[in-house]
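Quick one: this structure, given as structure tokens, is what I'll be asking you about.
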Amino acid sequence: MAPQDPALDALLAELGALDRELVLLVERRGRAALEVAVRVRALGGSAKDAARATTALAPPVASAAGPFDPHELAVVVELVRAQGAALAEREGQPALHVRRGAGEPDRRLVVRGHPIGGAPIVIAGPCAVESAEQIDATAAFLAARGVRFLRGGAYKPRTSPYDFQGLGEPGLALLSAAARAHGLASVTEVLDPRDVERACEHADVLQVGARNMQNFALLREVGRARRPVVLKRGMAATLDEWLLAAEHVLALGNEELILCERGIRTFEPRTRATLDVSAIALLRQDVPFPIVADVSHPAGRRDILVPLARAALAAGAQGLMVEVHPDPVRARSDAQQQLDFPGFDRFLAALWPDGRVPG
Amino acid sequence: MAPQDPALDALLAELGALDRELVLLVERRGRAALEVAVRVRALGGSAKDAARATTALAPPVASAAGPFDPHELAVVVELVRAQGAALAEREGQPALHVRRGAGEPDRRLVVRGHPIGGAPIVIAGPCAVESAEQIDATAAFLAARGVRFLRGGAYKPRTSPYDFQGLGEPGLALLSAAARAHGLASVTEVLDPRDVERACEHADVLQVGARNMQNFALLREVGRARRPVVLKRGMAATLDEWLLAAEHVLALGNEELILCERGIRTFEPRTRATLDVSAIALLRQDVPFPIVADVSHPAGRRDILVPLARAALAAGAQGLMVEVHPDPVRARSDAQQQLDFPGFDRFLAALWPDGRVPG
Amino acid sequence: MAPQDPALDALLAELGALDRELVLLVERRGRAALEVAVRVRALGGSAKDAARATTALAPPVASAAGPFDPHELAVVVELVRAQGAALAEREGQPALHVRRGAGEPDRRLVVRGHPIGGAPIVIAGPCAVESAEQIDATAAFLAARGVRFLRGGAYKPRTSPYDFQGLGEPGLALLSAAARAHGLASVTEVLDPRDVERACEHADVLQVGARNMQNFALLREVGRARRPVVLKRGMAATLDEWLLAAEHVLALGNEELILCERGIRTFEPRTRATLDVSAIALLRQDVPFPIVADVSHPAGRRDILVPLARAALAAGAQGLMVEVHPDPVRARSDAQQQLDFPGFDRFLAALWPDGRVPG
Amino acid sequence: MAPQDPALDALLAELGALDRELVLLVERRGRAALEVAVRVRALGGSAKDAARATTALAPPVASAAGPFDPHELAVVVELVRAQGAALAEREGQPALHVRRGAGEPDRRLVVRGHPIGGAPIVIAGPCAVESAEQIDATAAFLAARGVRFLRGGAYKPRTSPYDFQGLGEPGLALLSAAARAHGLASVTEVLDPRDVERACEHADVLQVGARNMQNFALLREVGRARRPVVLKRGMAATLDEWLLAAEHVLALGNEELILCERGIRTFEPRTRATLDVSAIALLRQDVPFPIVADVSHPAGRRDILVPLARAALAAGAQGLMVEVHPDPVRARSDAQQQLDFPGFDRFLAALWPDGRVPG
């Protein structure tokens, strides 16, 4: 508790007056920076040029009189200058598309008649498409349980060049045939900008994986595509880096964006990654686009998929991604974390009373 | 899919026979290691001596004939030897107390009549006890909302030596008076082994904070105390390190243990720590003791406490810890993350339909 | 110290005999796994199929007699089976190219007459090529100080889509003209597999950046190129992931590989990344290819470039990468970490007595 | 490059004038905050009370006219208010002792005649004191090689309660007897505030380990001791947290401080921790006290001790700490990382031409 005293009150009132004066001065400086920006743009300069112009003059040196040391004062002046520069750079530029506007409601997407962004969806399927039988059996099984999104990789990002790299375009055709036969929307990962167009011919939803979150050539190609995109978080990406990666997609006109939290790399060896539920909570506030959570990859094991799925939904996730394979021990990748069919039935039964995805 | 072929089947059958032979040989070796251990203990050696004796002989050199390179073979031999040594070390020793025995049910504690380990509990209160008015007002407020555990620090672990260090023993007395006046159990952190006895005179539950998770002198003193202990996870502790820290408490006979996940340190700057819901899920499997989650510290901000609390409970946490202060902006520590009373009412209302802790 | 006792000695002798038996049995099993592999390959199976075949049979259940619990025994059996599977997979396959063979000497590359892999090299230049004047002035300045490698980005990986993305192909032409005019080899980053061919027409050395370390489409294209490649470590990549990324390049026949440590992401906020000197030390043991260290990016500031450079060289790095710009405050990217010309002169003077790169 | 234009120049001049006005206003506000502080202290308030008083009034609301959104403006106002609060808090308080004053030279300590803080020292010895023979043999060996500081643990911080916990006070006596017999200064770790006094009776230098870096009860006791203290960095401690932990020691009057970097916890599995050479470089700038580097613990293996030691010294470390044991395979702790005598001879020979610590 602050002590009470009239002399103190007078000093505090003066402090308050100085704070109001500060606000007015910073606003005046902001308007001056904007005028600089308008002039630079009129001269043909870029947004960055406009920003740089506002900081072209050296910052003023602190007077000797003040109680602060010059470094502290410089921090304030630099902040005000940086804000002016940011203002100048935004002049004539759009705000970040990825941020939720004031009062902006959640975005809803509809893919093959299936809504995303409201009641929780489930995106399930094998790590990789391996054969027509494998993917068709999986699609039939999932469709019967209310799953509406079938995932399956045709191009696999593999840590080792000697591991199975996916079936390529034939895999895409098998995935999409299986999905259509059972009324599902298909989701598949793209790795190479040159494959995006072909992937769009087959798949309903494109996915950009964690390793490619900052593959800007791929993001641009996917931004030009007319397909919804699931953008996974990079394994050591901050939220701001992830959102700016998403902005690469949005900036090129593709607004059908879905963000997928998949765990971040930490020191803990018992799980493959640490599912970051704070990220889900923060994104649900800051971003209008649907957020889903991949629970298979952060776990890297089957025994905690149910609590991770519950936690992700409780934190606000609007969907789950989970790997399901008819015969995980013979799977060509990620054998240790894919659920088999009975395992997936137990997973659904633990999440929803009637053992089906609701809706 | 593996190809089918009779010659292959014969080779596979041979492989299977060799696997069975391997099991028998490893078991024989295990029994031999145990005999060594029994002999070493009979000669007055310690458990560690017994373990070391089993690896006193140099490992055999791989023969030249084999297909493995010597390094690979050494890994197998070292594993078998290490397991034998572990077996030898356990000979005559108890298993880890902290691990759930086969089929062992969840432990339930009862503190001042309030159960822990079943329906979710809430441990709430200010970061630090600051005055009789502050802690009593908080206790009255919390008790009216079904909270049964009042937290408040008398000894504060402060990063800077120039920050408020807590009221010390007078703070303990204020906390416990407020708790008793309103039928609550009190929870307080201890920092110094020399304070444990005094803390036990006042508080119902002791807490060991994240910074002291491996303060073994403190853990031993707390292990000798006859009070339940909340042991928080260190900010960069693996689950195994945390469980072994808990074992220090259990090994001295204090079995009233509560584990508290409070977030781990990662690279993400938007939150103070990353709440690790996988840890909650894994501990609920591996440990019979109650697990609670502190949501205030990992968040370091108020706006995501509700989704973090929901996620922690969904992952299996049996309770929540949250900081509540009558006037957070004037709080002497952690001002930015403590909830005020209306904020805590909104928090409860978001978690439970009638705005009270159930039960 | 283990106690001495004849009965104990007899028991230890028996343990030693069992260890030798174990080695022989594991080798027999290895040969049996190899025979399985040979048969699977003869039947048209892939290396992975061969590996999987060796584990197609369920592992044997532990007998009831043994002292181990079944889980422990399973770990041994699984290890032996996994080693057999690895042996089977390698059958008929090359070893990892990236690993140093027994007794293999360091690789030396020569680019435009300048050797890499012996005495330390310096790769210097601006973050981005901005103009003919900028890059030519830099090239002239660097050449006069014994620098032989000129870096400069034409395609810039930028976190935000609204930041300067580089000049593209014109930037490549400016870079290579400046390099040739001053007898330097040019180094430039590629982002898009479709740009690799064009980049090869201009640049002497290609670079794959940290964000693209696991951009496998790009790695493959670079693996097909006939140009040396600098592969930077991803910011959260383990050494094994980095080496396997390098293997993607080597597997396609490009053996002119240079690995560049550039810091890993940690919790420490004072530097942009943590330069991992252990990684340099370990790679120098395990890998015959040249290792260099980028000191500008991990520092993210200018004041510790000298000690970081000294530490990197002391740990075994065969070169340094550092950002130098004629006018860093007006630079279009990375302004806060690029050295200006007098700063680079001080940097060289601190590292080498005559203020020049030796050799 | 910013475009050139007279109208722009006029606008820039106005911006410069506003920057100078800003400096004056912030200084005025700083002086007003100081007056508040003086008054609060005169009324009996603490430094924290003084700080809080300056922010007791709500910050002003941004006027509607300005170009910034209220959030941006709030950041500036909050920064200025926070700086004012910091100024108020420092009023009548000492600056941080741990920071190097302007122009302050490096501190030199002398322990038993051996200087610390100039030419590199080596602190070597076993992880734990195990017997008179072991520690005396080590002391004799080290003294003959120019080592002047003998380390050895009597109280061991052990992750598991069932591991060897050290010999306790008898271990202290053995350590100090061995050190004195060979003209060495002894260094030993303390874990419990109650052991500090006894440790001071035997040892020349106290050590606070990584796990206890924020054990404030221990830091305070060590701060009251009249012995030099080696304070190791916590395994996930930021530099600022480490420096504030050191400040706990200095604040109680013990200015014989030595800081020891020992690696930070990261995701990389090949080493036990990541030696942070940037931390060494930054501390050498910011702190006048000696900085040493423990190379054994971050490595967790023997094969990279030489390059780590070279890198630490190159980054500015004024000493090395390394574990040496006469018979590492029989050591009771840290067997895999301790050097044996021939290994330590090779280590010295790699670092210094005559195979001895110079000086």
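Which chain is which? They are A, B, C and D, in the order written, and residues in each are numbered from 1.
Keep in mind that, in the parts below, contacts are C-beta pairs under 8 Å (C-beta built on N, C-alpha and C of every residue); 3 or more make two chains touch, one makes a residue touch a chain.
This is a predicted model, so every value here is computed, not measured.
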{"item": "Chain hops separating subunit D from subunit A, counting only touching neighbours", "value": "1"}
{"item": "Comparison of C-D and B-C by number of C-beta pairs in contact, larger one", "value": "B-C"}
{"item": "Approximate Å spacing (C-alpha centroids) for the pair subunit C, subunit D", "value": "31"}
{"item": "Between subunit B and subunit D, centroid-to-centroid distance (C-alpha), Å", "value": "28"}
{"item": "Subunit B and subunit C, separation of their C-alpha mean positions in angstrom", "value": "38"}
{"item": "Touching two or more other chains - residue numbers and ranges from subunit B", "value": "2, 52, 236, 265-267, 269, 330"}
{"item": "Sites on subunit D touched by subunit A in the complex", "value": "2-3, 5, 7-8, 11-12, 14-16, 18-36, 39-40, 43-45, 49, 52-54, 56-57, 59-60, 62-63, 65-68, 72-73, 75-77, 79-81, 83-84, 87, 265-267, 269"}
{"item": "Subunit B partner contacts - residues on subunit D that touch it in the complex", "value": "47-48, 52, 56, 89, 93, 157-164, 191-195, 211-212, 214-218, 234-236, 241, 244-245, 247-248, 251, 265, 330, 332"}
{"item": "Subunit D-touching residues of subunit C, taken from the complex the two chains share", "value": "1-2, 131, 236, 238-240, 264, 266-271, 274-282, 284-285, 298-299, 303-304, 307-308, 310-316, 330"}
